[in-house]
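There are structures below to look over.
Look at the two complexes coming up: subunit A is in both, with subunit B in one and subunit C in the other.
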Partner chain A sequence: MKLGKRWLPAHILVWSYAVLLIVPLYYFLASAFKTNDEIFAHPFALPTSFGFGNFRTAFDSADLGLAVVNSTLVTVFALVLTLGLALPAAFALARSTGRLASVMEKVFSLGFLIPTFAALFPTFLLAAATGLFHTRTFMVLFLPATAMPLSVVILVQFMRTIPKEMEEAARMDGASTFAVLRHVYIPMCMPGIATVLLLNFLTFWNEYLYSLVIIGPDPAQRTVQVALPTLKSITGTDYGVLTAGTVLTLVPVWVVYTVLQKRMQQALVSGAVKM
Partner chain B sequence: MTTLTPTPGDTTVRRPGPPTATAERRAPRQGGTGLAVPALIWYLVFMVGPMIAIFVVAALHWPGMLQPVSFAGLGNVRTVLDDPVFWDAVRNTAVQLAVALPIMIVCAYMLGYYVAQKPPGHRVIRYLLFIPGLISTPAKAMVFYAALSPDGLANGALESVGLGSLTDAWLASPSTALACLIALDVWAGIGFTAVLFAARLGSVPDELGEAAQLDGAGHWRTMWLIHFPVIRDYVGVVTMLQFLWTLFGSAQHVLLLTQGGPGSSSTTLSFLVYQKAFIAADLGYSQTVGVILFLAGLVGLLTIRRAFRQTY
Partner chain C sequence: MRSPLTRRGFLAAGTGLTAATALPALSGCSALAAADSDPDTLVVHSQLGTTAPGSPTYLASLDRFREENPGLKVKNLVNGDDLAQVYETSRLARKEPDVVMVNLYDKTLAWTDVGATVDVKDYLDDWGLRERVLPVALDAWTDGKGRLRAFPYFATNWPVAYNRSLLDKAGVDEIPVTGDQLIAAARKLRAKGIGPVTTGGNDWTGQKLLAQIIQTFLSENEARHVYSTGDFSGSRGAKEGIDYFVALRDAGVFVDKAQGLTSDLMTTQYNTQSAAIQSAMSSALAKVPESVARHTDVGGWPLAEGAAHELPTILRTYTLIGFWISPNGTKKIDAVEKFLRFMYRPDTVSRFIKESGRDMALRSSTVSTDFPLVAAAQRLGDDVSQVLLPDVYVPPAATQPLITATSTSFTRGTPATKVRTALEAAYHSA
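What follows is the complex of A and B.
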């Protein structure tokens, strides 16, 4: 359909919202290279010099370097565990025709209705009971469970599209069940695996409340999302440092988004609503 | 962002005919359901278990982690219902949902329709709309903190255009604290929701809109009278998602930006759950609110689903 002159108000509204989205990010990026005085005098001016002083201060005062390492560890191990659990499960459910399997699948899809936040305190009790309170280990074990419903459902959908002749052919060559999974199913549902990895990378890296309560504020263990808000109280109102720290935590997500833009957008759309 | 809602009917249409135990044994493929067991156990232990525990703890009198625990039955419910702070939280949550949800969904639908028409620059717009979906809650909170703190962006802008008298400590003033939280919900919610709508509207056949145009309908009428009915149930599902995110997710925003204050002017129900558990150490109270929150979520979901039921 053609967009006529009467669309002018729409263009203006949409682009002003776009500006509202981009201006804070520009402000953060620019301020990360400025001092407080410069920020207050010219909040939107380009920085006059590109020194990394603010980044260094943010790194030192909130131990951000360590926090990035912790976040990376938690995210990577949780992702590995998620795939380790979800791939065999999806494989089993996609191929099985039994009633048990359909019940299991229903149990997983009901998981979409459980808002993770609701069980924060009982999860905290569980961490205390297992002796894993204040450790990253518990988060590595816990995060895959929250990701299970989504990951299993997405992978099952992909695996259902694989023709069963592929498996029969492999069986003829004497492949075991595990070999079928390893050499037939996994290579063929790489797009599904990529979707699951991208979505869960975002959720795991950005997870805040559970990390705060369970890993706690110990600088040796805490993740970057827990360390970030502490900059506010440590530095008072040094916006340069505050924004530099925020920019640092956004970099990994930004790199992944820009490199894998198309795929990431598809993943986010398909992960939000399964239609 | 992984809270999901299954499509109605999605899981029910898959298997025709009742499979029996013998059919399962005769199934030609080997290596059966056993492989799904580890994932299931994981999920039951870490998700379903804690979920059930909420209801148990809600019936306990438990005034702190190391304090003796006793059975309270419905005593916590009475305490909660007699507490004015709880009713403040109910009111704040109701206001938050009643303001944020309609604005978010209506604006996002129109924005999604706009993007789906592929106007010039729609790729850039689409790239930008994903931003709120990518950045973490603490980072979003930092953005709003930088914008709304006493010497932040908003006050700076007001002063530079000569409206210095309008400046305020936005996050620390009882009349604006809740509004700031709602603004954060709307700011972050519209973009991502619009992307979802745009993706769905993209699969509506073009002929539908063109036919309406030939009949003399403008974009406004095409948008609401032609396209909206087609994706009505999808709008319902997305509304359910945003409802859940807003209802349960507000705890993090409140914690990071206002701590529920001043007084209880920005305490929401989900923040009350957090605050009573980890700050006030009144665990039975906290989980009783948790149960109420859970029931509110359930009632809300059913209501929204009913409201958006396909009408043709």
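What follows is the complex of A and C.
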């Protein structure tokens, strides 16, 4: 296909944008193989060696292996719980037409108004009062609570796009309300579920403040976001080791994004057409 | 229509979810709940354990302690700058660790007073460890009510490091000892594209350097008064010190954008030879690469005419890291005693000096051989004057506002009056 001149500005913009993304990513990856001297003397040069010394140091000294396992446990269980609560809630709200449902939907939306930091102290008190302070369980229960507003709002919008006839047909076949959710709404909302999963995965995986305060610094329990800053030293950080550690913690994010991105793109496209 | 999700599958998922939620709870109980419930586990909360200077020695010492005390488990919790915040929330939940290793600064200044940690004076005497500690360190760790806040451990010299090679390259023959010489050296360095004095103008390193320069015209007592009250305008010496700082700053003595730098970037700039001078504590000096260290001289901060000191100044502190005992720790005081006795043993102390180049607040005849700059700083002795480290006199609530005021102070063009106002405002907002 031959491209005309009118495509040129678009190409320039796209490539400029790509460079804007690639340059910091390259700098970040290259730094993971360098010493401090190399990073500061020749920031954009290729590493002189591709040894995994920095990765080994980061992995061993911050105990990143265990931290990744802890983050995975917290994130996966919190995601499962989020979906387990958000799907029925969204299903009920999407199908209801009464005033109460409308009020309930607005109540969920109110969740956006609570600043994360403002909830820290009450959350800490709750954790202490329930005896779940310094446990990952509290975070598994707490994170879905923070994610419910966004998850429900997104899923309600997806479920409202499903034609009522689909449910009516299922009802004719004798399907219960639960079966309608299971066999009609969930399969048809997969792009929306993928969106919710991806957005919440990123939020849960990257959560720092609450994990630091609630779970604490115990290497047996701390998440990767709490473990990583221990590589920073007030008297001279080894940035090669720090970036190597950061790369290691980003691998799961990259894997999940790769797996879910098609679904998410599908979700965005379908949203664009339907809504 | 068939969905892959059957009722049985859904129930299985629900059961799995329940189990999954319960699993971390169980493992959680066995992990940190042990901190305050298991009498055979001593929980130590420390800034050592990953890449901080002294970490490998500390971890090796812990291993040795475990070998010598097979019935006693030791759990080491590690945090960086956020240690104080994490400890305080743990204490609020009554799940704090037994021993905390942290410096006397900012939040920790209030710990003994509010009961977050206990007075350790009696323990020090009962365990016969008083003679091991330098008297000056005991004074530094004792509060106004005579309570010993913690067992002193790490100290530090805080000299000024000069990269002689870079100074030579710029045509600076002598290490500057006066403000005028420093300004002249800075100009020559800048002409060669070399940064002069690097400092973390946006954190505690800049705050310390600013305090050091302000004290150029202050006696120790005056400095104590000024930093306790924040009365920078009421002290003639403080006003002259601020004027001196402003004159140096506006003459280009500090690297560009110093007001935005942190300690991290400061040490990096010096260690990578993009800046020629830094005011650095001995743990930072220990991490200066050998290629830079062999061209480095340590000395004091240059004086202005009419200064209150005879010789260029350095900072010294004995409050770098101490062992604090928590209320939970008093319930396991036998284990704490074993740990403290071990850490105070001459062979353990020597390891920190020899292997990690740490300055200690304890008596020791061991000299650091692998860390020449640390040893050189120790040898400075009376060749320099010493100014006060203001940390223990600044009210805890003013510490962070002072950092903000420091950044304002390092911003070029800020007049001396505005610097004074910013410093005083830090105390008023506290």
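To be clear about the criterion, the second predicted complex is superposed on the first by the 219 of 275 C-alpha atoms of A that agree within 3 Å, B and C clash if a C-alpha of one lies under 4 Å from a C-alpha of the other, contacts with A are read in each partner's own complex, and residues count from 1 in each chain.
We adopt the following convention: a residue touches a chain if its C-beta (ideal position, glycine included) is under 8 Å from a C-beta of that chain, and two chains touch if they have at least 3 such contacts.
Here the structure is a predicted model, which is why all the values come from computation and not from measurement.
Of the two partner chains, both subunit B and subunit C are touched by A:141. Comparing subunit B with subunit C, the partner in contact with more residues of subunit A is B. In the overlay built on the shared chain, the residue A:65 is in contact with neither subunit B nor subunit C.
Of the two partner chains placed by superposition, A:252 touches none, neither subunit B nor subunit C.
Residue contacts after overlaying the shared chain place A:217 against subunit C, while subunit B stays out of touching range. Of the two partner chains placed by superposition, only subunit C is touched by A:77; subunit B is not. Contacts of A:53 after superposition: neither subunit B nor subunit C is touched. In the superposition on chain A, A:25 contacts subunit B only, with no contact to subunit C. In the superposition on chain A, contact is made by A:232 with both subunit B and subunit C. Touching of subunit A by both subunit B and subunit C, each in its own complex, is seen for residues 40, 124, 141, 213, 229, 232, 237, 239. Against subunit C, in their complex, subunit A makes its touches with residues 36-37, 40-41, 61-62, 73-74, 76-77, 80-81, 84, 124, 127-128, 132-137, 140-141, 170, 182-184, 186-187, 212-213, 216-221, 229-239, 241. Those residues of subunit B whose C-beta lies close enough to touch subunit A in the complex are 1-7, 10-11, 14-15, 18-21, 23-24, 27, 29-36, 38-40, 42-43, 45-51, 53-54, 57, 110-111, 114-115, 117, 119, 121, 124-139, 141-143, 145-147, 149, 151, 153, 156, 187, 190-192, 195-196, 199-200, 206, 209-210, 213, 218-219, 222, 234, 237-238, 241, 244, 247-249, 251-252, 255-256, 270, 273-274, 277-278, 283, 286-287, 290, 293-294, 297, 301. Listing the residues of subunit A that touch subunit B in their complex gives 1, 3, 6-7, 10-11, 14-15, 17-18, 20-22, 24-25, 27-28, 31, 40, 43, 85-86, 88-89, 91-93, 95-102, 104-126, 141-142, 144-150, 152, 164, 167, 176-178, 180, 199-200, 202-203, 205-209, 213, 225-226, 228-229, 232, 237, 239, 242-243, 246, 249-250, 253-254, 257, 261, 264-265, 268-269, 271-275. Looking at the complex, you find that subunit C touches subunit A at residues 1-3, 5, 7, 10, 13-14, 16-17, 20-25, 27-29, 31-33, 35, 45, 49-53, 55, 75-83, 85-86, 89-90, 92-95, 263-264, 267-269, 271-272, 274, 280-281, 283-284, 287, 289.
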